[in-house]
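I have a structure here, written as structure tokens, and I will follow up with some questions on it.
All chains are identified by letter, namely A, B, C and D, in their written order; residue positions are counted from 1 within each chain.
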């Protein structure tokens, strides 16, 4: 879009708000207070007072849902789902809706900044709602910025240059990947808090062990009749929430002859479990046992020989260990055995344990009992995105630990960070922040003044997702291969620059193999080079004779996808004959409570700086603007705790103080804390709000190298302090507090 | 006040625009709440006020607990928004006619610029879905860039509530008129319905038997209209399912 | 009156007639006449002579009003109602509690003077004015409170019907509109009713004052000279108003009660609310009157002559009866609501008693029923100013509690349990205190500007009463007036 | 002392004082009202009369009116399209701001005079489609140089016309006098 857009227009219009009072009291027309700036040159597709719609891709998580953004007079007004995109079919989650509060967030990095590590990037204020406060001003121009990057590339050995990237904006990852392959700089590392809590490495490894090939399993919830979910919170943030929610709707569809059932095995009722027909408060760490036990019982009911995989599990023992009545197990097994479309999903906290891999394998094997591989309502391999050769998963925390070590040991001289906030997201024990001291030069491309940007020597802000070009591969959630395309829906609001452009320009400056590695004029040209191959592919959603037309369609429809189902069917030849060691998980740290951190469904990894996400009540507790610890009312009573009492949670790794929420649907021996808050930077709405549960996590991993985030035991100490949580629900109405019938 | 025949009517469709909400598939993900806030310039009020029952949500998702652990169950999420009653209790009590019934669209209007803030309507609304602007809540620059120009930005002392996205209704009607046709069912929908990932919310003409809402209403017979025993003739039908 | 005296003290019947007459004289103002001129000068003195204490109190109150009422209100208008304690679901708070409370207070004035005037209750004569003043000043506070309540008070004029080309009109279906009209009517008529009996006294004051006061009284006295014709007209006017204002008074508080009774809310939608509110208003009003009288008698000069034990005794008896009536209506309301069996109403009643504010519910019953019943049955106690003062105080607190329970506490419970929430007052407190202070301030001011005692009425009564001797028997005879 | 004040006011000097006070108040009020009703200062003293005189249609410069809610202000590009062919543009003082803005690529800041409060949702298209002419509301621009409002757009003005248009057609009247038609 042209840069002539006048974006101040609407601010002026907002001024009318002030004028309104004057009008109400009848003193004069609003014209006193408003100034109008016409376009210098109005784009032909635009008309005064009429909206223009742009298709692009949501960057709030890695799922890659398509968006259509309504813009008016060069302002983004509303984000809607892209009805064409097969992944989300016109739907969005709350975070997708609130993405505009990121674009117009009062705290963004407004231009390239050279700054001292640890210095603030914006002023603070006592009351973020009353006081005005400024962002740090840009103190260098983009030419110097590009030069800085170029120097960094030239100055150090390729092996001393590293890129740490987020899970969004795949095109940038591809660009850096190309750069690394052709110049020998260390391959880019991708990471995101969501992928950490999704234990993607574990899923992939389990698939590899069972089916012989690595890949991200796809669970066709919509087609199933009975879904056994072992901790998979697929209605909240797991993998691709929007498409899985659509699947859930399909499962429940009332028009269907038989209404599908969802059984959730979890120690704490997530909002997914809240929707389940049955919630089984399983003892943490026994998921594998239970899965196998159910499998065995189911097979026994069917009769016939007992395969090796299920032979060495004792249902009675599993029942006693997991705290589930054997009758219940039998009932469930019966349900599973007799259902026409049974499906078992491993995920969430179940995998984030020392035996996570075993759990994943056990649960996936359970599907073999239902024999649903590659069938509707069964297990598939997710379709690979159009320009994707094989499934690339983000780094597991183990790999991040190694990477952090490299940083600490000074093996990396210059670190480029984009789209990820490791200082906040990684467990404190990994000491990423400290490791940065080993790096000579940290260059952040952060859009927002987040914790990692604070630790950088330079911040060269990238555009917000809605201001930038790019594409995002849909790794799972859609039957068809989908490449969601991004385009700017508004002209950049601040003096930011696309990181791809910066890198390309810097590479040219650096010359040599860098220049030859990125022989592009700009980001768009690079995109074309990446998208061009799709023109030759068959049965696409659209096709075009020449690249320009193709790119035009690509932007118009918000990406490119095939019209055919490309999900792969796992090969399950000898799945029954593997022997699965059904172990119980070990838990680190002494303390009487299992500790379950979970991703806040509304705020997730990066939503904390968006005020409306903060004000969305949590689906289960309806708490807004804060972090809480969920404790079973019975336990709370034993401990003499009531709501809003501040307690200290002590783990082997650290301790946190936060208020109690008496949660009726959690095991008495378990406590849970949502992840998403507890920022020490990241803008006025995020900073100093709540606590970050990753501070409690120790460096324990499962066999697949994923963090055993649910593998901790913690202690609770009273502090005697109180901190009222603001909740939408009524204490009286919902808990009978003050009605003489207090719980 | 309500004549018997009217109460009978409440089992049929009385209004013009209506909604059908399937609680069985509503996951409580809050997408509708966010969408509503973004579409209608609803302000956020911060931690203190939102904790004191002053949040401005036009639609809220209610859920209750049944039973004790381990047999505890979460009741089906219940999105609660203005039911656009055919015979609304909020309307007669407003001394300034700021809360009036739109004869043209059969909606309960809230005329912000006529409201003097007696808050009688909110008291009298059995669904408690009206929110009051207790202060001039700050939305610092440049957040105001996101304001929807089709919706008035409310100031302190004014009552507000769900409008069934009347600005979208008008836009659709205007477009249809300019193209010389009638508004087609599904041509547009409210922000909440548009966002809902589970498609639990359906919006449309309840007076048109062929519209999707009417069909859904027929499909699941067992629809519930909240507190219709009060004779408010609500236009939102809920399906508990299960 | 005579009969009542006989019954009251049989002991005196045997007493020696002469001393009996003495006794009756000092007991009853009506039988203890003084020359008119003397009474006039007594009243004038009570206005003129002001101790430094008066000014101290006056200053303190002025400060309270300036801060509590006007400054706080300014803040609230600028900030919005967020500074008050109202929230969802308690959209209405102490502002309306105070409105109802003050309207209640204002009732007693009119009730006492009008009803007692109509029924020719002689003991009313000295304190009708003191009571009527409360009506007017109480209504002023009620007006303040209801305007505070509005979210955009600067647009209050929209509630008044005025011609415009915008097809805009106040909604005559809304109880609030009825309320507005009723209260305005009441304010006007009660002011008139205060003014009419005042004219002769103003004329009297005019003839006895100099300087600006003379101008003041001259203007207000409308050149009243006391000719037969003028008196005849005045009497007519007063009679008309006395009769007319009684239905107005009843209607006003009934309409106030409709603000609640007409709403579709559990606990509010009750048909007994009309009379219940009226009797409640009288209950608090009488309490207020007796407090005022006690203070006036205690603080102002010569008042011990005009206001005597018999008056406290009479009002206290009325209070006792009203308190019984209130108890009856309360029981009726509670009983019917409870028996109705609506689950929300049950929830509400349960919340009243067992909820976090339960103490207030019990306090209300004790203050409004137990206290008056326990004290006022005893003639000695009910004739003692400081005792009845305390009783009156308790009753007023109790009645304020009643309104508090009906409005914010009942609002906490509705048909959407998800929204139930408690109400914690904020800036309402300074504002409420401000209105109270303003009420007292106005009253103090008035006590120095207009004669608190309607001398002509007292004198009229005294002329009508006389002690007659029948043999050894002394009896009181009252001759018909006009 | 009040009496003394009255006495003082009664004598001629006092009366004069009162008179002056009243006059001041009145003139202040008059000035205030007058001030709020003047047409505000515009960056260019744009002569509508000339342009209309050349026979340029309103919709040529304000095309939005026929298409959507806002009539809009023409872009500099549109002005320049003609003006860069007119020699006078180079010399004319009146046009200096335009020239300057086009060269410096900074938009002109116009002040709209035909303004409705933001709680009124006005749509030009519907009115044009209903056969209303621009001058019905905006007055005869061929007689104006700098745009001014012939009248304040208050609710009375709108409703008067709406009622006139609806006439006997009850359905139309309902629609055109429905609060929700303009306020949401």
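Simple rule for what comes next: contacts are C-beta pairs under 8 Å (C-beta built on N, C-alpha and C of every residue); 3 or more make two chains touch, one makes a residue touch a chain.
Here the structure is a predicted model, which is why all the values come from computation and not from measurement.
Interface comparison, A-D versus B-D: the pair with the greater number of contacting C-beta pairs is A-D. Centroid analysis (C-alpha atoms only) places C farthest from chain A.
If you average the Cα atoms of chain A and of chain D, the two centres end up 51 Å apart. Distance between chain B and chain D, defined via averaged C-alpha coordinates, is recorded as 37 Å.
The mean-CA centres of chain A and chain C are about 66 angstrom from one another, to the nearest whole unit. Note on chain placement: the centre of chain B and the centre of chain C lie 45 Å apart, centres being C-alpha means.
Counting only residues that touch two or more partner chains, chain A has 13, 17, 20, 24, 49, 728-730, 734. Chain B has residues 52-53, 60, 62, 64, 97, 113-114, 153 in contact with two or more other chains.
Counting partner chains per residue, chain D shows two or more touched chains at residues 117-119.
If you check the complex, the residues on chain D that touch chain C are 1-3, 6, 154-156, 159-160, 177. Remark: chain B residues 97, 100, 102-105, 107, 109, 111-114, 150-153, 163, 166-167, 170, 174, 177-178 touch chain D in the complex. Residue ranges on chain A touching chain B, taken from their complex, read 7, 10-11, 13-14, 17, 20-21, 24, 49, 72, 75-81, 88, 90-98, 100-101, 103-106, 129-130, 132, 235-236, 241-242, 245-246, 248-249, 252-255, 259, 269, 271-272, 274-275, 277, 279, 281, 493, 601-602, 611-617, 619-620, 622, 624-626, 632-634, 664-668, 689, 724-730, 734. Listed in rising order, the residues of chain C touching chain D in the complex are 164-168, 211-212, 215. Within the complex formed with chain C, the chain A residues making contact are 24-25, 728-734, 738-740.
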